[in-house]
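Two complexes come next, and they have one chain in common, chain A, joined by chain B in the first and chain C in the second.
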Partner chain A sequence: MSTATFIPAFVRRQSFIELDARARAQSLLDPGSWRELVGPFDRIESPWLPEQGIAPQSDDGCVVLKGAIDGKPAVVIALEGKFQGGSMGEVSGAKMTAALDLAARDSQNGKKTAAVLLLETGGVRLQEANLGLAVIAEVMASILALREHAPVITVIAGTVGCFGGMSIAAGLSSYIVMTREARLGLNGPEVIEQESGIEEFDSSDHALIWAINGGEQRVAMGVADELVLDDVQKIAATVQRYVKAGLPQVHRSQQIALYRARIAALDTSRQIDPLSLRESWKEKAKEGVAQ
Partner chain B sequence: MSLQVGLRGKAWFQVFTGKNSPMAGDPGSVLTADAKLGEDMARFLCVVPNPEGRFPCARRAEVGLEESYTLATRIREAIEQDKNGEKRPIIAIVDVKSQAYGRREETAAIFLATATAADAYASARMKGHPVIALVMGNAISGGFLTHGYQANRILAFDDAGVVIHAMHKEAAARITLRTVAELELLGHRIAPLSYDIHDYAKLGLLHKLLHVEDPDTPSQTTVSQVQKELIDAVADARAGSRDLSNRLTSEGARGMRRVGLLARARMEEQWAKA
Partner chain C sequence: MEQLNFDYPSAKRRVIKKAHVGVAGSGDMEILMQPDATGIAHVSVLTSVNGFRSSWQAVLDRFFAKYDGAVQIDINDAGATPGSVMLRLEQAVEVIES
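And then the complex of A and B:
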């Protein structure tokens, strides 16, 4: 038996999660097509962190690459989960919003430019508090403006996950791609435990967290579009497919009647069992999904 | 200081609209009504406490699942009804504790629910409805992102009971490993951290700060005063762009968000060359 057949593909794959934000973004764009914009050598850093004794980073944890995906114009915006938990501050937010707005401008002028958001973030950077919240509102507005012309594809690979206000931004995107290692939710388990008590959510119960926020659950219940293996080739191929598919017929954040009825049907006298919810929601909510 | 979050909002909703019950089929936590505002018929929306609510973590004027989908439904209804005519103003009365912090909410994907409401507000704005947020109490975190922060214009009462922030004080202190006293001290020095509405106003995000006498008890005088401000904000929104660019061009933004604006300008230059 040769080594190639003996070692399964899963072992030989190149992990996406192990890459940093810059390498992740690079791996999704056509080789040689991209250029980094407002990169680390521009040295535009958070003006608020040094005042609080925290070292800033020369890209503020946000990497913007403009290039092509399978020959089509695209911009990839990646948050670095290793810098301040991928949190959104004045500068990282401005970079993301500006790139989305420029993609919208090009798209309106006939050069359809898709955006891919690689979200590893806890949401607002609390050291920039109100500016963090404000930039998230602006990112949301810019996603919605671009989404009228070209798809916005969110990839949550892990392991930070996507929480806080940026989970709402994810909810506004055209497609959400997740790995089994990724989590998606508005309030992280620690926040719920702190605000509503340990009987509401025991944040040390990892099985519970993954059952609720994990990629497998989010895709199975139909609130995310595709579960992918932590594999650079597979994630790149999935992103290419969604770029090619263009806009969905209806965005999920506009399917209000469907979800309102689902919420009305829930038994709220006790906690909701994630597996049963998956069963009752599993029929595909959405048409026009690229497969 | 308002006694309970949401009650001030409810009091003002009642005097603006003459109504105090939800629309048919809506939960008790969301009030919606159309009412005269100057020459316009405007749609007012408000999230209020509902001790009998189905969701235990969304009974105190938090924005939860039902609140989000109800706001989205009522805003979309106005967009649909006005699609061929005059776009009515949409007024979000903001006095919300936060998003709902509950396990039921997370399980049933509250991130998507809040997205539908934010989407509806932003869609109304992009289609030409003047969307005005009137902040008269708390506007915290996901509660504000869902209900109000997509508005063309944001007005706020100049009052100690008005708090716009990413997280309430005690939690923010714990998470950033500070005491509440340290956080307050920092807020005086670093405007975005502050819980004081005057510091928030420096960030250039507000259209106007309104001095209102005795904001817990609206009177004939204060009601006409605030109505006039709303009418002016509606006119200003109609005359302006349908995006949020006014938040970046304001005097406050030019001072407080210099570095963010530099990043934006640099992005434009480099985008053109790439």
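And then the complex of A and C:
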């Protein structure tokens, strides 16, 4: 591809990352098919944040849109990374759980309803403590219930990424789609540095962080399914494809023996580098599919 | 945390739409704007930054010097500067009057 044709396409593409949670959710659903459930004018805000001197948000940073994707029933649940780092509080978690449960109920009654999770989150909202932990457990249970009937597709676009308890929720979903800008990991880089020291993980070293948590590495390792460009049309097309594909033969999180063996085989006597991990897990990922 | 309320009896023109703009993220704010049942404009501000009533009053006075819609405005503020407040208000008007 020549520079002359490449540059205009690059400039013209519509960024998904630059959209807010509501616009992201809308962009994935068929135009005119959707309606918002428990929207901002319903004023279901966090009762805990103002008590701690923090401004709440009228949708608690969780947007739920019910509609259709390529003509098939779907619910899109998007977290707003700009509000409290997309953290899961009592209200946002209850919205996500209720939406997943409604999709599971519809699916059981014969109307297969896929769920798309747009996760930009650091996990539990620390200001809501145990309630945040409890809702994440509920979200996980609801994902497990829905994925018996219809696919749960997680999209991590960035730039917040997906960390903490919600990274486990992402791991339970049927498919994970990431951009190169996105990150996925259990403990965030700052947390690791704080707990284990800068020798363990330097959270200011962006190249290091993206080499380990970044979308390209996660997809290459086989812990996420597809790497997409930060482009509204491409992400929408990818989500449509997974909705159409339906359930995978086996969910990644069901492959316990495979992942136990992979972790057992790691040689921790020397530093494991991202590229060699990618190579060795890629081979095993193929074996996993063959099983 | 501070709760501030303002009334603008001169803003009486009926509006029919609603608008939701902005995010209550650091240095920004969220606005919910909708038709007001009492027929005049009311503004309710919940802000995480205390002690700026006079600044809010000044920005809102300037806004309602131009705008005459009978709207209920609810603001969740996480430290937006006066300039950002005005831009968010104008953005909400753009949505509600379009």
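Simple rule for what comes next: the second predicted complex is superposed on the first by the 276 of 291 C-alpha atoms of A that agree within 3 Å, B and C clash if a C-alpha of one lies under 4 Å from a C-alpha of the other, contacts with A are read in each partner's own complex, and residues count from 1 in each chain.
Rule of thumb we're sticking to: contacts are C-beta pairs under 8 Å (C-beta built on N, C-alpha and C of every residue); 3 or more make two chains touch, one makes a residue touch a chain.
Bear in mind that the values here come from a model prediction, so they are computed numbers and not experimental data.
Chemist: After the superposition on A, what does A:Ile192 contact: first (chain B), second (chain C), both or neither?
Modeler: In the superposition, A:Ile192 contacts chain B only.
Chemist: Can you tell me whether chain B or chain C touches more residues on chain A?
Modeler: B
Chemist: Look at A:Ser33 in the shared chain and tell me whether it touches chain B only, chain C only, both, or neither; answer first, second, both or neither.
Modeler: Neither: A:Ser33 stays clear of chain B and chain C.
Chemist: Of the two partner chains, chain B (first) and chain C (second), which one does A:Ile263 touch, if any: first, second, both, or neither?
Modeler: The first partner, chain B, only.
Chemist: Which of the two partners, first being chain B and second being chain C, lies in contact with A:Lys82: first, second, both, or neither?
Modeler: second
Chemist: Between chain B and chain C, whom does A:Ala170 touch in the aligned arrangement: first, second, both, or neither?
Modeler: It touches chain B, and chain C stays clear.
Chemist: Which partner chains sit in contact with A:Gln108 here, chain B, chain C, both or neither? Use first/second/both/neither.
Modeler: The answer is neither, since A:Gln108 touches no partner chain.
Chemist: Hey, what residues of chain A end up touching chain B and chain C alike?
Modeler: The answer is residues 45, 51 of chain A.
Chemist: Under the definition above, what is the set of chain C residues touching chain A in their complex?
Modeler: Result: residues 1, 18, 20, 23-25, 28-30, 32, 34, 46-48, 74, 76-78 of chain C touch chain A.
Chemist: Any idea which chain B residues touch chain A in the complex?
Modeler: Checking each residue of chain B against chain A gives 54-57, 65-66, 69-70, 72-73, 76, 99, 101-116, 118-120, 122-123, 126, 141-142, 144-146, 149-150, 164-167, 171-172, 174-176, 186, 189-194, 200, 203, 205, 243-244, 247, 256-264, 266-268, 270-271, 274.
Chemist: Under the touch definition given earlier, write down the residues of chain A that touch chain B in their complex.
Modeler: Result: residues 35, 37-38, 42, 44-48, 51-52, 60, 64, 66-67, 90-91, 93-95, 97-99, 102, 124, 126-138, 140-141, 144-145, 148, 164-165, 167-172, 184-187, 191-192, 194-196, 200-201, 212-213, 218, 221, 223, 251-257, 259-260, 262-263, 266, 268, 271-272, 274, 277 of chain A touch chain B.
Chemist: Looking at the complex, which residues from chain A come into contact with chain C?
Modeler: Those in contact with chain C are residues 20, 39-41, 45, 50-51, 53-58, 80, 82-84.
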